[in-house]
Amino acid sequence: MSGKSFLIISRSAPYGSSAARDALDVALTCAVFEQPVTLLFMDDGVLQLLAGQDPQPIGQKNLNAVQQSLPLYDIERLCVCRASLDARGLETQQLLLPVEAVAAEAIAQLIAEHDVVLSI
Amino acid sequence: MLFSIVVHAAPVQNQGADTALRFARAVLAAGHGIYRVFFYRDGIHNGSALSSLPPDEANIPAQWQALAAEHGLDLVVCIAAAVRRGMLNAEEAQRYDRSSSNLAPGFELSGLGQLVDACLQSDRVITFGGRS
Amino acid sequence: MTLHTLNQGPANRSGLESCQRALQAGDTLLLIEDGVYWSLPGLPCGLELPPQVQLCALEADLQARGIASLAQPVDDAGFVDLCLCHERIVSWF
Amino acid sequence: MSGKSFLIISRSAPYGSSAARDALDVALTCAVFEQPVTLLFMDDGVLQLLAGQDPQPIGQKNLNAVQQSLPLYDIERLCVCRASLDARGLETQQLLLPVEAVAAEAIAQLIAEHDVVLSI
Amino acid sequence: MLFSIVVHAAPVQNQGADTALRFARAVLAAGHGIYRVFFYRDGIHNGSALSSLPPDEANIPAQWQALAAEHGLDLVVCIAAAVRRGMLNAEEAQRYDRSSSNLAPGFELSGLGQLVDACLQSDRVITFGGRS
Amino acid sequence: MTLHTLNQGPANRSGLESCQRALQAGDTLLLIEDGVYWSLPGLPCGLELPPQVQLCALEADLQARGIASLAQPVDDAGFVDLCLCHERIVSWF
């Protein structure tokens, strides 16, 4: 089985839908299959990485815990769309994990660098 | 006061099903009544008898059933939306010649007229939506 | 007087805009689910409400998402109270 | 059973989701129960009323046919959000049925005039 | 060329399921192969054995079954997404102690690994989404 | 070179904007489902594409919605051909 590089684009806020968690599940599965995977957070997806989440009152699992496990799975390249951060008044320092803020011009390049792109 | 609750959101994929359930509990806890909960669009999946979750995740259909059993709620699933999406009770399974049914006990299939009736009979109607 | 709920986040700007058009003095806007992100303190081009419209946000959803909010926090019992003291509820999703 | 007036707000484009059709089904049911019903089309919902639809190639039923039956059910008040039309470069003359174009300021009033508001 | 198709959209509520089906037919008509169709998120409802539509409306699960029977397609439904949403085959129904199952013949429940495998084995992967 | 599909209509402006950011010369944008409304002739503040990006729209979806389009119409077979002549496909929804 030949290897491929995966880019997973996650554009949804956490908890309002299962999309954020579903994207993480796909990323972790890629890692278990030892395929290189990059996560790109765009639009409301950047809100997934805010620290201090506590979804116990809405009966969901804390995504911050899953996110913190990403480096253990060798998922180390986390990119966030700079324009999406700006539009929400956020700085990368407010996020749970170290991320690469990607300018609009660089997103096409990021896509072109990967063999498979999965949107979730 | 008498409430009716309309649910368009499917469990698992959308938070709206859980928000509706919490709202229903709060209504009852405050001593108000719930005339009907009406499930429409993908919200019909709230009536699934087959939803199977790990023990540490919320089983929304089971929670509706428990709440209905405790408080005698009228849980109505839109029949036209349900049969198209593969949610059948025994009667509809027979009508469409399917080998099994999957609507949970405590839920009832009925027409959109039950939504209009709920609006007419209740002091307040609130919808919990998904998207699209 | 109408209670409006909004459950869509900043990516769904048309959800907010439609809701804003529908607000009038005496109404309340309750942010729920991903809608609570509209009360992020630093949000540029965020919420502009007509005069005499109250802004609330569901506490459980704020806590879940880890955001400090500019809106009046409301618990589930408060959500029910808001329904009682408005004549009708309009959901924006 | 006391009567109430219903406002149904429909904000989705036709065919991409079932929302447009589901809103019409609710409106027709209100009419069958002899309750006065107003339809308000906002956002992409205004696109439902474009004439000349032919969804046969995508395997769906033509919504134009259902819309044309609305007057037969005494559903005669069809409102469209003027701002939503403008944002899509549309005029009321391009729409299938006679409609009332409602300015932004009048939408709150429309809501206040009705007992029950259902969003679909 | 070898394609894999990922479907997130549920039938009835979203057009994406029908678009995916038409795309699959066009791929086969052009003489290309389909390695796998993978159903994820609410797309798992494409596998329903109980969807019941009026004769003049498209039954998407039945159309997938027919296409699979004709062309030997591998239709894989994400097991974790499916069981949470109440889509079970006989084996899972037994595991979760449910009285019936509702996954249509021709569909198989399996893990997300089958999605990654499909991406690795196919020349092109395309996703048909719903919303949220 | 990447094929992008977009299935969201004008109400979902962030869907279009994200897709636009991701386009580069040699890419193709195929409008499908409600995405075909972005090719409405009169649409103000509509589609702006980088140079050398081709715009197509799925024919069945144009016909269904009754719109004359500014985009190159493509049938289902043409959709498959577009997949062949691009290295990867990115879906925006």
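To keep things simple, chains are lettered A, B, C, D, E and F as they appear, and every chain counts its residues starting from 1.
The working rule: a contact is a pair of C-beta atoms (placed from the backbone, for glycine too) under 8 Å apart; a residue touches a chain by one contact, two chains touch by 3 or more.
On a predicted model such as this, the values are computed, not experimentally measured, just so you know.
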Label-sorted list of chains bordering both subunit C and subunit E is A, B, D, F
Which chains contact both subunit B and subunit C?
-> A, D
From subunit A, which chain is the farthest off, judged by mean CA positions?
-> D
Averaged over CA atoms, how far is the centre of subunit A from the centre of subunit D? Could you give it in whole Å?
-> 38
Between subunit A and subunit C, the Cα-mean centres are separated in Å by 27
Whole-Å gap separating subunit C and subunit F, where each centre is the average of the chain's CA atoms = 34
Which residues belonging to subunit E are in contact with no fewer than two other chains?
-> 8, 12-15, 19, 22, 41, 57, 81, 125, 127, 129-132
Multi-chain contacts in subunit A: which residues touch at least two other chains?
-> 11-12, 15-18, 43, 58, 60, 116, 119
Could you list the positions in subunit F whose residues touch two or more of the other chains?
-> 7-8, 11-12, 14, 33-34, 60, 88-89, 91, 93
Could you tell me which shape the graph of touching chains takes: line, ring, star, complete or other?
-> other
State which pairs of chains touch, listing all of them.
-> A-B, A-C, A-E, A-F, B-C, B-D, B-E, C-D, C-F, D-E, D-F, E-F
In their complex, what parts of subunit F are in touch with subunit A?
-> 2, 14, 18, 21-24, 27, 88-93
Would you tell me which residues of subunit F are touching subunit E in their complex?
-> 5, 7-8, 12, 32-34, 58, 60, 76-77, 79-81, 83-84, 88-89, 91, 93
Complex contacts: residues of subunit B adjacent to subunit A = 12-15, 18-19, 22, 56-58, 131
Interface residues, subunit A side, partner subunit E - complex = 1-4, 6, 12, 16-19, 22, 25-26, 29-30, 32-33, 35, 116, 118-120
Residues of subunit C touching subunit F in the complex | 11-14
